[in-house]
Amino acid sequence: MIQPLPDLLIQPVVDAALAEDLGRGGDITAALIDADARLKVVFAARREGRVAGLDCARLALTRMDPAVQFEALIHDGADAAAGAVIARAEGNARAILTAERTALNLLGRICGVATLTRAYVRAVEGTKTRITDTRKTTPGLRALEKYAVRCGGGISHRFGLDDAILIKDNHVAACGGVGEALRRAKAAAGHLTPIEVEVDNLAQLEEALAFAPNVILIDNFSLADLRSAVALTAGRVRLEASGGVNLTTVRSIAETGVDVISVGALTHSAPVLDIGLDAV
Amino acid sequence: MIQPLPDLLIQPVVDAALAEDLGRGGDITAALIDADARLKVVFAARREGRVAGLDCARLALTRMDPAVQFEALIHDGADAAAGAVIARAEGNARAILTAERTALNLLGRICGVATLTRAYVRAVEGTKTRITDTRKTTPGLRALEKYAVRCGGGISHRFGLDDAILIKDNHVAACGGVGEALRRAKAAAGHLTPIEVEVDNLAQLEEALAFAPNVILIDNFSLADLRSAVALTAGRVRLEASGGVNLTTVRSIAETGVDVISVGALTHSAPVLDIGLDAV
Amino acid sequence: MIQPLPDLLIQPVVDAALAEDLGRGGDITAALIDADARLKVVFAARREGRVAGLDCARLALTRMDPAVQFEALIHDGADAAAGAVIARAEGNARAILTAERTALNLLGRICGVATLTRAYVRAVEGTKTRITDTRKTTPGLRALEKYAVRCGGGISHRFGLDDAILIKDNHVAACGGVGEALRRAKAAAGHLTPIEVEVDNLAQLEEALAFAPNVILIDNFSLADLRSAVALTAGRVRLEASGGVNLTTVRSIAETGVDVISVGALTHSAPVLDIGLDAV
Amino acid sequence: MIQPLPDLLIQPVVDAALAEDLGRGGDITAALIDADARLKVVFAARREGRVAGLDCARLALTRMDPAVQFEALIHDGADAAAGAVIARAEGNARAILTAERTALNLLGRICGVATLTRAYVRAVEGTKTRITDTRKTTPGLRALEKYAVRCGGGISHRFGLDDAILIKDNHVAACGGVGEALRRAKAAAGHLTPIEVEVDNLAQLEEALAFAPNVILIDNFSLADLRSAVALTAGRVRLEASGGVNLTTVRSIAETGVDVISVGALTHSAPVLDIGLDAV
Amino acid sequence: MIQPLPDLLIQPVVDAALAEDLGRGGDITAALIDADARLKVVFAARREGRVAGLDCARLALTRMDPAVQFEALIHDGADAAAGAVIARAEGNARAILTAERTALNLLGRICGVATLTRAYVRAVEGTKTRITDTRKTTPGLRALEKYAVRCGGGISHRFGLDDAILIKDNHVAACGGVGEALRRAKAAAGHLTPIEVEVDNLAQLEEALAFAPNVILIDNFSLADLRSAVALTAGRVRLEASGGVNLTTVRSIAETGVDVISVGALTHSAPVLDIGLDAV
Amino acid sequence: MIQPLPDLLIQPVVDAALAEDLGRGGDITAALIDADARLKVVFAARREGRVAGLDCARLALTRMDPAVQFEALIHDGADAAAGAVIARAEGNARAILTAERTALNLLGRICGVATLTRAYVRAVEGTKTRITDTRKTTPGLRALEKYAVRCGGGISHRFGLDDAILIKDNHVAACGGVGEALRRAKAAAGHLTPIEVEVDNLAQLEEALAFAPNVILIDNFSLADLRSAVALTAGRVRLEASGGVNLTTVRSIAETGVDVISVGALTHSAPVLDIGLDAV
């Protein structure tokens, strides 16, 4: 039960993408087709994957012509088999062909992020560990990509710099230590502001635990150290692991007992899901 | 000698990315650091790759504080060895740490596209074939990603729907054939409007050649058919191959003698180049 | 069969024009009229001309009240006799009166450009020469004005600085000659990038022909030199004439056999077509 | 002593014009020139005219490169002889050539409006009549065009629908008469809201005078009727004449004694002033 | 009979407010509710007040879901008793709950300004004096707040810096006196430009009267001086009083016979009207 | 040590406010002053208060003329005595006078919020209770107003709908109870997402405590019930009180031992701090 993003957040992204494509002359190839020709198309998954972002496709098509009919057949957060029809649309041929690339560019990217997330989520299935994203998102697409992670079964990390304090190594260095940084954070935080701190070794972890932050990010720990960290923490605060995470390593990391694993690749390097638009 | 994109085209992308990150409260972690602390950092390539997009990093840093000094050491279009310092910056610590993720998100993506392009360009080295991109770009980043392709040694395909007529299979179907579509295109085109048509087999190729378009896109041809196409065309129009292109297949395709190979993956599935910002 | 511009490109222009007129207080004169008064109006051509831009009028009226009914009677690209009714509208009186000036300002300008273009097109009727525009357009209205030129029977030149290489005298000077400039252009251009070069005399023309650009712009040539240029070129590349073009000279220029004549006045100095909105 | 428009109002117009020209690829012709080539140019009037809008040229050039030096030699509101150098600039060659067309498009239009206004102002010299503009401005350029009218020696009419009540024929009809319309206007107006009413004959004029509006617009009156109107009004309210105004008729109209003549053509049909950018 | 502001002016304010609230993740609490749950709500006045700005509430709700039904029961410019239902809405529960705060934030503020204005208007009831606003409005909300003043029974002062000349003490000082400032204003003003001047004492008032400006602003006069000013002016120009105005003093000021009293507090310090959204 | 908001977040607010004031004609009164006149001014507090938002004043002045010198004398978060000079500026007289109202409008509001917050903070001094804001902010000014609360000594509640789950009475009703709503929230929340729930009585409080949310909002409790709530909770989760809070009641509420008190009036009904700009 994933909450869709409101059209108000998606439409500007779609409009900007369409405008980028239409340039100053509009679609000079679609103009070769009869103005009242109609087209019936399906969005078909070329490969198996997790669906996410259908609203982008709908908004691209209907922006070119509000009379285009769009129907989703597989909903965001569900899986599409290879060859499956995800959605169908019908309407003015020029409108559909003009919007095609924008619709597919967005849909493919968002499904791509969801599908990669799903792979990580499946890899840790059976453990209690959850998969989360980072701020390594595509500029302009953060809301959509973090939504895609949720569609893939992951959870959202903070959305930006203002909704949680996350003390990283450079902040620790600038403050003069994990303890001093957390002391300042505690003093600055509101009653609802989450605090997370990155630690690079077990000594820092112990230092951090004394301040009871909401989450401790244990970065680039060996599996052995991860296990020690989990033991040392004993459930007092949530532990987030990061660094060296890929589909081969993620399960071992999860099995150390960390609560969350954050994966930058979910949003910075997910290949698109290959989706085609076929006339029917 | 690649022409940099003007700041006027890049700054809005950078500003939107920063605003997306700053949200409504600004960087509440940087606030823990002394307001007048200074930082000296380098942008270091974690892996070998082609540099592109340094202006994004510069504009992100200087938007947070115009007094930040930024100096590129390896320029767009040149290669960075693993570990190489690409650029350095110095200035207010808060400003630099706040802009860090935006700078890296953009830089990593653009270098990623350039690096992947370079791999394709190198794979066809020694042939006369050139590598080009498609419209399968990230919404909002088309100008930057096509610039990255140029930095990687590729050439730019059309920028959008208005700067060339590109008749694809759906247009052919709607017009009733390659010939009729080209007839309409010739009638509609201005004196400077390039015309390209997609053909799916040799018969269509012959039909297309009669109209002397600027480029013929031969999509998903076997190597044998590509060779026949080259022979049949005999240099009268440029041939662009697409479909089934990857780093394994691209050289064989090039060796058939086609003029250009277009690769969607350059922009839709390039992994980021891993670049880090290190305090020095 | 002119492809209309998508609403997505026109609506922002219309909205900005309405906002410019509404200021911070809205239409304080329309407020004198009863809130539910209705009005039936026609857009009537005061003088004969070529119609273009009716979508602007429709979008202005319906933005003020989506319930306003708008019907075009003479379509873009067709001619209106003096006194002819181009379109009619019916709906809330305040909405229509508030939008009136914005609708007429846009419609009058766009019809004006189309009508002036038509005059040039008619003046060269019977020759093979086509009329095209330049980048001397009104800031903010380029897409609409180039559309108007197409409605007037002309063809579109490049839309901006990025969709064709056009080497002008200053570039030639900076590169050190027509030949060197073209050599650089050939090296820089993509497979689909059109190349045009401006030449000022027959010697430069010959130098340019050796590089087979797509188009050669022969600027400010005498009729005799134009004829020599056509003979010398012998159809190998397209010739575009410019300079000293007006309704008196254009036919003689066309009769020299040039392919295209570009006319800055189409967009920089077209008088508006006088169109009125009459209550009926 | 004309107040220049603030950069805050001009820069968005300039930026939009540059962006419209740069498209998604930037200036691919300027890229042929050496990146560090420098250029020294002058803006030269090809024909005699009134200068206005130099800030547009300055902002276009400096947006492409803040290091470009720009110096106005003839200031807004002054006259340039044919051939006169209006301004000079020096800096990076690519930056200047890229901005050239935007600078000239804006400058030529604004000087064009100022020059046409000056012609009307000169035509009524020696009378007490002043020349004013209308809302028939180019969408997006209202502030600049009304500024140009002031540079040409004219005065500004209302800027939009919210800064004065102007009751036109359709409002009169909808209200049921000039008197009733003015009665409503008086009731609705703030203490600082100017009220103007359009009258079509002397009977309406008398009806209007009873309400002492700030201005009465006498539309399409014969010269005889204009004189009667002036006599009847006897200086009690200002009279603005409109309709049938051109450079041939304007002086006769002025000599009837009206206070102001409004001329739509100032902004809707002014030919550009031909200004060129010459390398020096 | 107050003219509503057009949606074109309100929607951007509403959209910006919604976007500010939705951030990058949308409403993560509404997501807990069933996606198709429905809600029926009323906007109820918690305290007695003057209604204004219902369009804001309507546009907030329908932006989240166009299918939400919204019906105003008490219209802008009318009074709501404590507990009265101002409007009702029905539709998707998530949409309504997400838009609730934006709708109430805008509605409460606008009603607040209208209600405070009404208090001032009532305080001077029976005198001929009218209440007006100032430019001390909330940045971004000027059009709405001045509309609220009209709904409260007040009149609008100038909307900004461009629709009237208002010479204040600093201008007087910079020009070298009231007379010189007015002389310059008369020379600069268009035929429809209102002129107002601030005077600080009776001597300046006399100096100003000689120039017959449209309005004289008498700032911080004692009641005795106000009476002298009214007597001295004798109806020749309108007098606007300002300074030291509050609900206790306003009637005495009005009774001196001034035409208008301007009150900055109307827009800079009006408490919101407490309005709640109740499920029914 | 309050972190200032980055200029990137403030400048758009300032620019929009200036543009709203400049309209289409700019400042027609400032034009009466000599173009090169200079002015030296101070921003003086007319009443005692807490300073916040000086960056707004700086950015307003320097946007009109980058050469204006601005110096803050009392910094954000410090107190100004009545009559104290907060900042001084010097530069072009027209620029300063044009920006004056925008600068004061923003500064006055932001200081107003800070000053009111300070009053609440002082009222609870000596208790452990902190004061926080709500989402009842001025549309468009949320970031600035929440910053003002921090300058006043308060803490920031969530910034919008996406950075914390806050289950209110309508959500509870729609979910079918406090427990079920919290169960859903726990399932939906990320590892860093704070969860808060509103309870209306002690029974609900107990139900909520079982789920260990981050914060429980106890709305409209009597003092006795607040004390019971504190006792019952025994420090296990943070308690936030709201409802019926004003400067008279806030201390008694704090003395019950709640952790936080949220006050809508801080941002929805703070009177501006009276600040003037005086020429010196």
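All chains are identified by letter, namely A, B, C, D, E and F, in their written order; residue positions are counted from 1 within each chain.
Everything that follows uses one rule, which is that contacts are C-beta pairs under 8 Å (C-beta built on N, C-alpha and C of every residue); 3 or more make two chains touch, one makes a residue touch a chain.
Predicted model only: the values in this text are computed from it and were never measured.
Common neighbours of chain B and chain E (chains touching each): A, C, D, F. Looking at the partners of chain D and chain E together, the chains they share are A, B, C, F.
For the self-contact between chain A and chain B, the two sides draw on mostly identical residue numbers; the shared fraction is above half. Remark: rotation between chain A and chain C after Cα superposition is 120° (nearest 5).
On residue numbers, the C-D interface is repeated by A-B, which shares over half of its contact pairs, out of the options D-E, A-B or B-E. Chain pairs E-F and A-F differ in how many C-beta pairs are in contact, and the one with more is E-F. In whole angstrom, the spacing between the mean C-alpha positions of chain B and chain F is 44.
Between the Cα centres of chain C and chain F there is a gap of 51 Å. Shared interface positions of chain A, i.e. residues touching 2 or more other chains, are given as 20, 22-28, 30-31, 98, 142, 156, 159-160, 162-164, 189, 193.
Contact topology of the protein chains: fully connected, every pair of chains touching. Interface residues of chain B, counted against chain C in their complex, comprise 130, 132, 155-159, 162-164, 189-194, 196, 214-215, 238, 240, 259-260.
On chain F, the positions that touch chain B within their shared complex are 1-6, 8-9, 142-143, 146-147, 156, 159-160, 163. Contacts from chain B toward chain A in the complex involve residues 13-14, 16-17, 20-34, 37, 39, 93, 97-98, 101-102, 104-106, 108-109, 112, 135-142, 159-168, 170-171, 173-175, 181, 184-185, 188-189, 193, 265, 268-269, 271-272, 279.
Within the complex formed with chain C, the chain A residues making contact are 15, 18-19, 22-28, 30-31, 35, 63-64, 94, 98. Interface residues of chain E, counted against chain B in their complex, comprise 20, 23-24.
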